[in-house]
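Down below are the structures I want you to see.
In the two assemblies presented below, subunit A is common to both, partnered first by subunit B and then by subunit C.
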Partner chain A sequence: MNIKISHLSYTYAMNQPFQYEALTDINASIKSNDFIAIIGQTGSGKSTLIQNLNGLLIPTMGKVEVDEFVIQKKVKLKNIKQLRKKIGIVFQFPEYQLFEENVEKDILFGPKNFGFSEEQLNGLAKKSLEIVGLDETFLKKSPFELSGGEKRRVAIAGILAFDPEILIVDEPTAGLDPQTANKIMELFNHLHKVQKKTIILVTHQMDDVLKYANHVLALKNGKLEAYTTPIKLFMDDKLMQHLQVEAPILLKIAVEIKKKYPAFNISKVRDIDSFVQQLKDVI
Partner chain B sequence: MMSNITLGRYIPNNTFFHRLDPRCKLLLLFIFMITIFINLGMIGYIVLGLVVLLCFILSKISILTIFKSLKPMWFMMIFIFVINLFVVKTGTPWHLGKITIYSNAIFATLKIVYRLFLLISTSTIFTATTKPLDITIAIEDLFAFLKPIMNVHILSMMISIALRFIPTILEETNRIMKAQASRGVDFVHGKLKEKAKAITSLIIPLFVSAFARSDELANAMEARSYNPYAQRTRYRKLHWQFKDSLILILSIVLLAGFITLAITGFAKTWNTSIFEWIKGWFK
Partner chain C sequence: MDAIKFENVTFGYHNQTPIIENLNLEIKKGKYTVLLGHNGSGKSTIAKLAIGLLECQDGNIFIDGIELNEKNLNQIRSKVAIVFQNPDNQFIGSTVRDDMAFGLENKCVDPNLMDAMIEEYAKKVNMHEFLDTEPTNLSGGQKQRVALAGVLAMQPDILILDEATSMLDPIGKKEIFDVIQELKVKRSEMTILSITHHIEEALFADEIIILNNGKVVKVGLPNDLLYDQNLLNQNALEAPFIIQLEEKLKQANIPFEPTLDVKELVKQL
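Here is the complex of A and B:
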């Protein structure tokens, strides 16, 4: 599925005392099976942007096209459920959406809403739990007795269960310990690489952007400032200063190394392993 | 989804009403509430309506926002009207086929709706021009005479916390609704059973987070040594000014006038045979 965003603007509380323009004239297109990171400071419109993609918010100006679905003001979207089945959003702190008496029921809540048959539901909860790295003993547990990291994985499983083609995740690792955060990021990478899903990741972690994303979409005050590859963005000092974003330390070290060893290929640095590999090649 | 809620929200501005002492405004609100429930007769209600209209102009709040927030009242209006149709059997009878409608049924309904409109308008003007914190200080001050019997501070603290968390919980509701909508929940359409399920998926997470939030707040307050029984000083001091006294006296005079009219029975005469009463003057 391809997403095409054209002249998208969104204003909260239109014609009311609290009117606030969150997005201004965004133009971008997202190709199928891409891994995109959306970055920007708090209040730059990241969350508003992703909510416009599956019809939770309707653009006040412009439109969003997702294959045959057109999200536009004054044009009623008939099969909005189909759209939401294809674009799954994992919100920030998704553990707060859990409500069923046990994990199995909660995971199957989404698929049931989207009209999955009994056959399809059979074994689906277990399969979804396996993807997020939890075993079947969790099925009968209450979602409220789990730890924070487990809750979040169950919530993510609840979205994965209805098999969306595009997965949007809003700061999935916020407030988690580094190990769990790492596992969750690897999970999204796996979904991208193996299951060929389109991933849209909203994040403040520039290390994750460098490591996983193919493209990065940078917002500031509701305006699209850059839509490029992570390396190109991080190497553009002027733009980085304008966005008030700090490049990953790894990349800063790489820049210093390149001064001494011009053969060092910065564009191949994505994480510690690839960094070490480049270093070995040069020295 | 919930953008229409303007009721009870503070709108920052610097109008005459914003600058009035909150204690004065609270007393005004009480006086208005009493006045509204006195049987005023046609002219009395028009005078009161004009006073409320003046308040709207002075506080720079658009009456349109009030009408918007009155939308749910249509159901109530019809309900009251139907009840009145069967109960009220006075006034001019109108024959519509086999049904007989009495004029007073319509007037009585209109009177109730008009009173409700005035009530909601005055309380909206009050909350829109007074910061929640100021409201609680005003309550604490005005109920200071109860101090020997009970701890007024605890009461006002509870009210201020409740008021403070209304927008937070509304935001939370909005967030959970969106998260569940992404899982295929339809809050608007569907059968009764589906709707009940949809509401459950909202209410349970809302309660869970509200309890967690209150627990955190209690801990945060205790961590800063909050003790409701301690002798307290105040950072924000209120200043009673001449205009406060003036406005208060004016409205008390208005109230006294209305009460006298109601007791002397003028209101009733006005109601029924106002023209004859005027004629009487010119004889």
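Here is the complex of A and C:
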């Protein structure tokens, strides 16, 4: 599924005292099976943007097209359920959306709503838990007695259960310990590489942007400031300063190394391992 | 005297396997302590027990030497303030200004002084332009700033931060960290307990406590604990970036002298 965003603006509380324009004239296309990172300071409009992609919010101006679906003001959106089945959003702190008496029921809530048959539902919760790295002993547990990291995984499993083509994740690792965070990022990477899903990742973790994303979409004060590859963005000092975002320290080191060893290939640096590999090649 | 003291504390939900069992913990008065532990290690449970949101099944908890029980809960809550991970759980006012005033009103602050205090603390966290905004219309990171400002304005003796900057970008995190450090310098008797796995934050702690499965694994100084790769691995924590890099360089047989200074390391390569 391809997403096309044209002249999208979004204003909260229009014509009310709290009126606030969160997004201004955004234009961008997202291709099927891409891995996109959306970055920007807190309050730059990241979360507002993703909610406009599956019709949770309707653009105040402009439109969003997702294949045949058109999300636009004053145009009735047909089959909105089908759209939302295809674009799954894992919100910030998804564990606060858990509400069922046990994990199994919670995971199956989405699929049931989308009209999955009994046959399709059979074993689905267990399978979804497996994908996020939890075993079947969790099925009958109450979501409220799980730890923060476990709740997060259960919430993600609930979205994966209805097998969306596009997965939007809003700061999925905020508040998680580093090892759990790594596992969750590897999970998204697997879904992208193996299951060919489109991943849209909203994040502050520039290390993750460098490591996983093919493209990065940078927002500031509701405006789209850049839509390019992570390396190109991070190497553009002026733009980075304007965005008030700091490049990964690894890349800063890579730039210094490049000064010493001109053969060093910065564009291949994505994490510590690939950095060391490149360094080995030139030393 | 300890600001917070746990004596053989046991707690579990609905008589299930306890999350913490026979825990002994001492948070020193006037210090900046960082409690590190992976998800599910019992960190947040400790925070909730310390302010009496949860009641322990066994053992005793002392705040500033006073035993925490139903009778003196109010007295204790006037000393301790907490910022939760998700600020949505603690907004009350219809605007940022009202929300910050709520805490101050409860502390019976002179209304004539209140406005200036609200302005001052909102400015510290860079949210003074949003004083008349509805908290629900703020982004996650902005909400965290407001929640922090509201709590700081109350000038608590003991401040507990439970992943209080998790939704902020790295620059925002640093700003908030600087505000807290600045307050600490001004009010040296204030105790700060930060619950986090943000390892760079732990670098500046007076003391680090590592927690796993509801037990204290180790107490020590940043220099002693953060470079102990085995200790960190065993407790699902990650070493600081430079240590990770040096580990991989070693594996690749690239020669260098270990250092904690990135610039120094680059010079050697």
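By our rule, the second predicted complex is superposed on the first by the 283 of 283 C-alpha atoms of A that agree within 3 Å, B and C clash if a C-alpha of one lies under 4 Å from a C-alpha of the other, contacts with A are read in each partner's own complex, and residues count from 1 in each chain.
Operating definition for what follows: a residue touches a chain if its C-beta (ideal position, glycine included) is under 8 Å from a C-beta of that chain, and two chains touch if they have at least 3 such contacts.
Just so it is clear, the model here is predicted, and its values are computed rather than measured.
Annotation for the three-chain superposition on subunit A: subunit B and subunit C clash. By the touch criterion defined above, A:Thr11 reaches neither subunit B nor subunit C. Touched residues of subunit A, counted separately for subunit B and subunit C, are more numerous for C. Once the two complexes are overlaid on the shared chain, A:Gln244 sits against subunit C while remaining clear of subunit B.
Once the two complexes are laid over each other on the shared chain, residue contacts for A:Gly43 go to subunit C alone; subunit B is not touched. After overlaying the two complexes on the shared chain, residue contacts for A:Thr24 are found with neither subunit B nor subunit C. Within the superposed three-chain model, A:Arg84 lies in touch with subunit B and out of touch with subunit C [touch as defined at top].
Residue contacts after overlaying the shared chain place A:Ile159 against subunit B, while subunit C stays out of touching range. Judged by the touch definition given at the top, the superposed model places A:Gln278 against neither subunit B nor subunit C.
Of the two partner chains placed by superposition, A:Thr198 touches none, neither subunit B nor subunit C.
By the document's definition of touching, neither partner reaches A:Asn52: not subunit B, not subunit C.
Among the options 62-70, 80-88 or 116-124, the segment of subunit C that ends up inside subunit B in the superposed model is 80-88. Subunit A residues in contact with subunit B (one complex) as well as with subunit C (other complex) are 12-13, 96. Chain contact summary for the complex, subunit B toward subunit A: residues 3, 6, 11, 65, 175-176, 178-186, 200-201, 204-205, 208-209.
Those residues of subunit A that touch subunit C in the shared complex are 12-13, 18, 20, 41-44, 46-47, 92-93, 96, 145-150, 152, 171, 174-180, 204, 206, 244-246, 249-250, 253, 256-257, 260, 272-273, 275-277, 279-280, 283.
Those residues of subunit A that touch subunit B in the complex are listed here as 12-13, 16-17, 51, 54, 56, 81, 84-85, 88-89, 91, 94, 96-99, 109-110, 112-114, 144, 158-159, 162. On the side of subunit C, the complex with subunit A involves touching residues 13-14, 16, 37-40, 44, 85-86, 88, 133-134, 137-142, 145, 163, 166-172, 197, 199, 236-238, 241, 244-245, 248-249, 251-252, 254, 262, 265-266, 269.
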